[in-house]
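Should a chain be cited, it is by its letter among A, B and C, assigned in written order, with residues numbered from 1 in that chain.
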Amino acid sequence: MRLKIILALSVLSGLILSWNLHTMFLKVPDELNQGAIFRIIYFHVPSAITSFAGFFLAMFCSVGYLIKKDLRFDSVAASITEVSFAFTTITLITGSIWGRIIWGIWWTWDYRLTSFFICWLLYVGYLMLRRAIDDPTTRARLCAVLSIFACVDVVIVWKSIEWFRTQHPGPVLSIRSGGGMAPGMEAPIWWNFLALMMLATVLVLIRMRQEAMQREIDTMRRYAHAF
Amino acid sequence: MTAVAIEGVWKFYGDFPALKDISFNVDGGACLALLGRNGAGKTTLLRMLAGLSKAAKGSITILGGDARAEKTRARIGVLGHGIGVYEELSAFENLRLFARLYGIENPRQIAMEWLERTGLDRVSDGLVREFSRGMRQRLAVARAFLHNPSLLLLDEPFTALDDRAIAVLQGLLKGALAEGRTIIMSTHQLREALELATDVALINRGKLAYRGERTREMLEDPGWLYRHYGEA
Amino acid sequence: MSFLQQALAIAGKDLRSEIRSKETVNASLSFALVILMLFSFAFDPGSDQVREISGGLLWLVYAFAGTLILNRSFARELVNDCLDALISSPASGAQLFFGKCLANYLLLMVVECVSFPVFIIFYNARWPARWGLLFLVMLLGTWGITVIGTLFSAMTVNLRLRELMLPTLVYPMLIPALLGAIRLSTVLIAGEALETDDQIWFKLLAGFDVIFTVLSLALVEIVLVG
């Protein structure tokens, strides 16, 4: 049953993505100031939202684990974190490419990129901690605590870097140049958002299956070695 | 009067059950020898009793309270594999620290008392890192006993002790039993432990394989228990 | 056996241990001095550029040197299984944690107070007129480093890669506090006036300290026991 859901979601998201790509490249005209590259916003913004949401979702699952002590909560938290990590990387890379084309620089310390880079580092910490602990129960417990700390920290990081950049205005990665966008241009963002969310869900579900199988293998290995 | 009540306790490493549905009681004033092969789950169980980890399922009631409650921990003395004293502190400072942590009213006095009782009073200001092995063990015992614990938890206490040290420890434990304290001790040193024990429990592959009184038979033939109940 | 009494007993034990062996403070101090020296090769001391980055330099030194102290914090309890002895005592995880925070805080402040005059000398800076406020910034910023560092020291104590994991986990977490401390320190060392905008950083530091102290005290028992 689970496999069917995964398959259905993948096919659906694949279809929507293809349709979006078609819309993006063939229907929507080049933006006035930015040219062709502005299309990157269709991936950049949804990725950013997905990766940011990941922190909070993972934290809820972590709290769930600490209360219920059910390892499945830990699987969900870990899977969400990993997928969010991938999307954070995409956000950083697309932001960087955009910056290179428009500003001529690969990187800049504008507040959003900086905050996202810190998010990326926090995710890396979580993933490293997961790999450093062998016992699944201890791993779940410690990673849950880390997840809570990271989420609280992310909120503080965003606020503080925003203040910092208000005092030290630097280059601003404003993809929305000028006011809003022409109506035809905004729709693909939301469609892509839907597609990427579905893709993220698919990846999380696949990852959760992997975690469940890994737990089974772990258990069998312990049985084999124990007595 | 039940000193320790263990009910339906499970402990998992991931999905692997290290302890499966362990249930047994220990009466006040009893001395329970906890037996089992390496990896059977003795240390895991003892650690839970000592408040060092929590059971995944089930309950542990010690002296009427939860194992992790402050009041309960104040009445438990623990002697694990490590001696649990600090190398850079003196014998006196170590005992005084633990006396304070255990809420004793006159920590200095009690510390000095126990240094005398374990024959360490002449080296009370010596740093532990300069102590011999035997002296460290005596200090560890002092640390475990100084707060007058009603329950003593010992993890393989006779391991690596010479015969004199074994005799000293046995003497202390006999005295403790005579005072009505309860002892739970995991051990491989069957003879020494079975001499002291009033009760016996055998853990095999995470399950409770046997729980009963220590019989004459067991004392005369220490391997008896393993032969009859050792293989699940 | 009040909370503070237990915490102070633990703090006293840590400090007494450290004063006798001096290993951690010496290592931390040497490290701080070496970094200060290395940075002086990278940046021309005395120039205007240094004035702009003075706060950053200082807090980088404090953060790096501090990691040595924080790493040792729970690691020193592994010898002789002393951590088990402490956890099975009536002292709660929070009391244990807070006691260690107090000890680490003091040690870190010592390293910072010694490094600061060295920094002034190496970089030909002037002793800041408003050194009182700068000291306040050090007090607030250092507590943030201490609390996060001590908690993660507890978390990583049993890991093989402890020395690697602690900095990886701690530094990203500390960025907001370091940002505030750096900004305020730079202004104060340069002798400039604190604008109203800058006061927000004091609030940030205080808020950071309060939030993470509360969170740590609440979660440390789970980290240590389960």
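Heads up, the rule we're going with is that a residue touches a chain if its C-beta (ideal position, glycine included) is under 8 Å from a C-beta of that chain, and two chains touch if they have at least 3 such contacts.
Note that the coordinates shown come from a computational prediction; the quantities given were computed from them, not determined experimentally.
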Next item on the list: Name whichever of A-C and A-B has more C-beta pairs touching across its two chains.
Entry: A-C
Next item on the list: Report back the single chain whose CA centre is most distant from the CA centre of chain C.
Entry: B
Notebook entry, point to check: Using CA atom means as chain centres, which chain is nearest the centre of all the protein shown?
Noted result: C
Check: In angstrom, rounded to a whole number, how far apart do the mean CA points of chain B and chain C lie?
Finding: 38
Notebook entry, point to check: Where the CA atoms of chain A average out and where those of chain B average out, how many Å apart are those spots?
Noted result: 49
Next item on the list: Find the geometric centre of each of chain A and chain C from their Cα atoms only, then give the gap between the two centres in Å, rounded to an integer.
Entry: 31
Margin query: Give me the residue numbers in chain A that touch at least two other chains, ranges are fine.
Written below: 137
Next item on the list: For chain C, write out the residues touching at least two other chains, lowest number first.
Entry: 226
Notebook entry, point to check: If you look at chain B, which of its residues touch at least two other chains?
Noted result: none
Note to self: Under the stated contact criterion, what part of chain C meets chain A in this complex?
What the structure shows: 148, 151, 155-156, 158-161, 165, 168-169, 171-173, 175-176, 179-180, 183, 197, 200-201, 204, 207-208, 211-212, 215, 219, 222-223, 226
Next item on the list: Going by the contact rule at the top, pick out the chain A residues touching chain C in the complex.
Entry: 66, 118, 121-122, 124-125, 128-129, 132-133, 137-138, 141-142, 145-146, 148-150, 152-153, 156-157, 159-161, 163-164, 166-167
Checklist line | Of chain A, residues touching chain B in the complex | finding: 69, 71, 135-137, 215-216, 218-219, 222-223, 226-227
Checklist line | Parts of chain B lying in touch with chain C, wherever the complex brings them together | finding: 47, 50-54, 68, 70-71, 73-74, 76, 78, 80-89, 93, 97-98, 100-103, 127, 143
Margin query: List the residues on chain C that touch chain B in their complex, please.
Written below: 1, 5-6, 9-10, 13, 16-17, 20-21, 79-82, 84-92, 225-226
